[in-house]
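In what follows, chain A forms one complex with chain B and a second complex with chain C.
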Partner chain A sequence: MPVEIPKDKWTGKVREVSFGATAADGGTRSKSIVVGGDTTLPYMQFEAPTPHTPVIAVEIKSRRPEDWSTLLEETWGDAMNDPASWAKAAEAAGADALVLWLTLADTPEDAVKATKAVLAASALPLMVFGPGQVEKDNELLVAVSEAAKGEKLVLGICEDKNYRTIVATAMANGHLVSARTPMDVNLAKQLNILITDMGLPANRIIMDPTTGALGYGIEYGYSVMERLRLASLQGDGMTQFPMMVTVGFEAWKAKESKVGTGVPEAWGDWKARAIHWETLTTTALLESGASIVVLRHPESMKRIRAAINELMAA
Partner chain B sequence: MYIIGENIHIISEKVKEALTARDSEFFMDLAVRQVEAGASAVDINMGPRKKDWAEVFPWIVKAVEQVVDVPLCIDTTNVDGMEAALQNITKAQPILNSTSAEPERLEKIPLLAKKYGAKVIALTMGSSGIPVEADARVNIAVETLIPRALEVGMPVQDLIIDPLVLTTSGCQQYCPHLIGAVQMLQYAWDPAPMISVGLSNVSNAVPNENRPLINRVYLSMLMGVGLQMMIANPFDQKQNDVIRWIENKDTSNPLAAVYNKIAERTGANEEPQPEDFDMSDPEQLAIWKTTQILLNKVIYADAYLNQ
Partner chain C sequence: MALTGIEIFKLLPGGQRPPHPKANCKECGIPTCMAFAMKLAAKQVELAACPYVSEESKTKLAESSAPPIRLITLKGPGSSIKAGNEVCLFRHEKTFYNKPGLFVRVKASQANIAAEVAKADAYKVNYVGMDFTVDGFAVEADTLSGTSDPTKFADAVKAVRSATKRPLILVAKDAKVLEAGAAALPGETPLLYGADSANWEAMGDLAKKLNAPLAVCADNLDTLADLTDKLKGKGLEDFVIDPSSTKLGASIAKYTQIRRLALKNFRALGFPVISFACNAADEGIAAAQAIAKYAGFVVLDKFVPELLYGLLVLRENIYTDPQKPIQVTPGIYEINNPKPESPVLITTNFSITYFAVANEVEGSGLPAWLLVCDAEGMSVLTAWAAGKFDSERIAKAIKGFNVASKVSRKRVVLPGHVAVLSGELEAELPDWEIRVGPREAVDLPGYMKTALNN
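After this line comes the complex of A and B, so read on.
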């Protein structure tokens, strides 16, 4: 007996957002990346095709991080010593885009230097995030934004306590912003309204609804993402933004991935576990609607690439 | 609309100060003004007063009863304090605020009501919290709250079921279900218990400038499904206008017509429609947007009116 699969029809659509400017658009990137445009729940290909393949971005730092897992240090090796060589290594490992995360120790000159070095070393579209302290973020990102005018960077991180300066500089220099809120649909929507109220076109916002790693609140993260996607499809204009999540940052904070000693033997091989942690966290969030996932380990990238290929082919 | 005036509440700084100073004039004035503004009863929330309840509860009810004749609604979690208040009330039949379906409160409060002939507000909330779905809340009333009242020998008419208003800022999915619960509770028992809600809870955690609008629009929906009693601010003139317009089916001005239409639609289990509103009028547009967040159609954000 033929079974008819019921199909949902939605009225709303996630906005298409593109970042990274090629020479034709006045930048130096090898390609632009487009995300969003979804008209149904993630990977319901029988209802509507997923318009754009999800993006794997790799997190690199402006200075060699002191607190990263030795597993990550082993795999990236000396490339971690400077952002240009790290960017090259990340591109070689298969990244679609790069996230340059600045640190508190950086001066505006350091931030500009690191950004320019990364832009020169790799032609992938770039996001640049501040260290997460209001004054420092503003100081560094304004300098970076001006120095990389026209590259269509994604500048982050806008939060409800600090978005005006970053949005203003993004508007002035042709960049996008990442709008981050702490796992709350109401706050996510509120920040989108506040940012668009300033005059930044809505197709230059990517929202980061924040997540927790597997075992550390991921269910709150994906519930919020699911709710936001449903609201988008139902026509709520101030939720219709593609979503990014900084999975590597979250997954490598978890004890399960960060450390190999002082944990029960039954947990098994450390490296295998750590990669699983990042990979499983990522796949769950892709299926809840993430368009951009920011990862740390090359092996996780490979596995996520394979998962994305299957999801897109289904 | 039977309004239990909510303004004597310890959360207010002025009330806190007046209580510390035992300023009975302050409380007498606030009680009188609420009744003059249309309150049919006066809520008295002094908090639990764990240390000085034996002195505070008798003092406050004696003070307020000097100047008003309406029922006093004793709003506290302190059962001893409640009884101390009851022992000193001499005028109208008091209201106890509140019990829930949690075993300990449900054990004690109805007995107290029976002993003193008081009414009881009973919340549709069990030990495991507040259910989202309307029928789950009605079930708590029918399976737990009403049987307990009957068990202690209280008339069902002395039971006031409160199906619990939660805020649109964070608990948005509860808002439409509460409307359903108010509607269903009226047919849940014969004779029907009274139904009351704490209206302004719907705008908890909402910026102050938007609270009255959200309260008014929700009120019009709840009146549409037959709400006749609530704990609310009797000084809110625009809210009082809405009550008057809907009670009198007064559609003589555009806003009155809009609020009546919302009530009518809600009562008929329909949703307000865009054509019910003159969207070129900013006030009506704001009311329309507010219906959409209250019905959980559009996600709430503090700046939802700017969208």
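After this line comes the complex of A and C, so read on.
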């Protein structure tokens, strides 16, 4: 029985956004990364090809974190002691891009030093995130933005409370911003409007709609991303941005990944469980529309890479 | 999908061309056939109220009111599992209803079948107050090519059945082998897997004889639709579809196509889908995809608790009604037999929040009163940001649940994330000592042992 496959016809398209400047563009990156450009729902390749392979970015910190799971410490080892060696290790582990996440303890000088060290150690496209406290983010990111002028970094976290400063410095220094809102379609849209109103070209915005980990609110992130992608395909211009999610950060915050003792026996093997926590969360979010996933564990990266290859092969 | 009022109207006396002589006769109690059609679409009246609907129209209307994805139930002697009856493509449109059954595969040639199954069968894991288990087992004949031995398969099924009372899926491509297995399950409803282009007649006859749902397998939708159509001709109605893809790209496309077609009332594919995640390169990732993207049954390779737990949680999350976050009842909860001098910990009634805190305190062995405020099922910070968890509400809960009558030392501990509330709360509760706890629940036991002990 010949079955007529129903195909959605959309009018909208997610904007194509590129970050990381090569020598040709005035930067020092070995490649630029392009995300977005989607004209249909994720991986519905019988309707239209998924134009760009989703990106696996790895989270590294400006200084050795003290609250990371020992499983992560085991795998990254001494590389975690300084951002340059961590960046190299992440690149060797197969990252497409790096997220240098600054901390509250950093001064602007520390932040600039860390950024430069990472830029020198690895030629991968780079995103630099502040610790997530408005004033501190402004202070650190402005310094970083100026010091890395022309590299086409992605600067985050750009929120409703601090977008002005971060957008202004991104505009002045040729960077992009990662616009974060707490799991809400309208808030995401509103922030994108505010940012574009300031004059930052729309192809220099990536949305971070926020997610929760498996067991800790993933369903909200999952549905908000589905709704944002639907809105963008239906032609809502202020939702037509590629999305990134900090899955590693969320998944490794969960008790399931973080600790191995004093937990129910039914949770099974700790390490295997922790990796599943990160990969299962990532799988669901890739399929609800994430273009960039920020991970923490090399084994998760490997598995997600294989999954992405299968999704792209269609 | 149900017919619209206009579509229904065309099937009523007034909508026929030429109109039926009784058109708009009002005998149904409604002024016109059109108005009756509208009420029918809104399910406000019964079709039987109109005495003049043709038999043909009746069949069409009955068909259209059937759910777009047929409900399939598998039954074992101890439990049953349902799949189907879904109504939407995206969970935010309504909700997803019947959680996909998670089955563990057992190969007939495997050693120690009963012991392996017993382990998986006994598995139980708690997530925010709910106990989750596996839903059943899939027993697979040694080879799918049809050379396996019916007696051996039957023995394997018996061994599985000796160790679990959950529903089974019987997997073989030879109807004789399946029949031998099914004979070991009197009175049950297993899923028979499965019919393909080569064996469908024999499988159809067996399914008919056993009155059991039958899985149909093919790697393309044309053949799948063909198979269910031909098998319907044998009088079968209950199917499960296996689009037989092991690669993520192909499966997300096919599963989505099947769900879309089913919701458009394409009856030949209006059945739950089964995913053999066990045959994919990464079964965890394949199973996660299947859970989020429309599978009704998911078969896993082995019993691996750390994976199963993650998948069970994902399934719960995806199938949570987006309109109602999972909540616990507000009130004062006793943990580890609190005494009058034990501290009062304050939290919200979002299940995830409540259990994060309750589990930590319980695990520490330290006694405490846990006061769960009505924050409309929101987490601490969400509720705080939404104005549902403020000093006024907390004070109201303390008074409302008469906490003062239970304690000798009037001392409450706020979650660290809402330290800002402490000043206002002091004003609301002048005779109470207001303490600010750590931000994360994991640090509560340490805090209770040290900071709170002076």
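One rule holds for everything that comes next: the second predicted complex is superposed on the first by the 314 of 314 C-alpha atoms of A that agree within 3 Å, B and C clash if a C-alpha of one lies under 4 Å from a C-alpha of the other, contacts with A are read in each partner's own complex, and residues count from 1 in each chain.
The rule is short, and it goes like this: contacts are C-beta pairs under 8 Å (C-beta built on N, C-alpha and C of every residue); 3 or more make two chains touch, one makes a residue touch a chain.
This is a predicted model, so every value here is computed, not measured.
Trainee: Determine, for the superposed arrangement built on chain A, whether chain B and chain C clash or fit.
Mentor: fit
Trainee: Just chain B (first), just chain C (second), both, or neither: which does A:49 touch?
Mentor: A:49: touches no partner chain.
Trainee: After the superposition on chain A, what is the angle at the C-alpha centre of chain A formed with the C-alpha centres of chain B and chain C, rounded to the nearest 10 degrees?
Mentor: An angle of 60 degrees, rounded.
Trainee: Tell me which partner A:12 touches in the superposition: chain B (first), chain C (second), both or neither.
Mentor: Neither partner.
Trainee: Going by the contact rule set out at the top, does A:189 touch chain B (first), chain C (second), both, or neither?
Mentor: first
Trainee: Under the stated touch criterion, which partner chain does A:108 make contact with: chain B (first), chain C (second), both, or neither?
Mentor: Touch partners of A:108: none, neither chain B nor chain C.
Trainee: In the superposed arrangement, which partner chain does A:234 touch: chain B (first), chain C (second), both, or neither?
Mentor: After superposition on chain A, A:234 lies in contact with chain B alone.
Trainee: According to the stated criteria, A:284 is in contact with first (chain B), second (chain C), both, or neither; which is it?
Mentor: second
Trainee: So in the superposed three-chain picture, is A:65 touching just chain B, just chain C, both, or none of them (first/second/both/neither)?
Mentor: The answer is neither, since A:65 touches no partner chain.
Trainee: Determine, for the superposed model, which of the two partners chain B and chain C contacts more residues of chain A.
Mentor: Partner touching more chain A residues in the overlay: C.
Trainee: Considering only touches as defined above, state whether A:259 meets chain B (first), chain C (second), both or neither.
Mentor: Only chain C; A:259 stays clear of chain B.
Trainee: After the superposition, pull out the minimum Cα separation from chain B to chain C in whole angstrom, please.
Mentor: Shortest inter-chain C-alpha distance (chain B to chain C): 6 Å.
Trainee: Report, in rising order, the residues of chain A that make contact with chain B in one complex and with chain C in the other.
Mentor: Residues common to the chain A contacts of chain C and of chain B are 227, listed in rising order.
Trainee: So in the complex, the part of chain B that touches chain A is made up of which residues?
Mentor: 169-170, 172, 297-304, 306-307
Trainee: Using the touch rule from the top, collect the residues of chain A that touch chain C in their complex.
Mentor: 1-3, 5-6, 41-46, 182, 214-219, 222-223, 226-227, 230, 255-256, 258-259, 262, 264, 266-270, 272-273, 276-277, 279-280, 283-284, 287-288, 303-304, 306-307, 310-314
Trainee: Which bits of chain C are touching chain A when the two form their complex?
Mentor: So the residues of chain C touching chain A come out as 90-92, 123-127, 221-222, 225-226, 229, 247-250, 252-253, 256-257, 260-261, 264, 266, 268-269, 281-282, 284-285, 288-289, 292-293, 304-311, 313-314, 317-318, 320, 322, 352, 356, 363, 379, 385, 442.
Trainee: Please give the residue numbers of chain A that touch chain B in the complex, ascending.
Mentor: It comes out as residues 184-187, 189-190, 192-194, 197, 227-228, 231, 234, 236-239.
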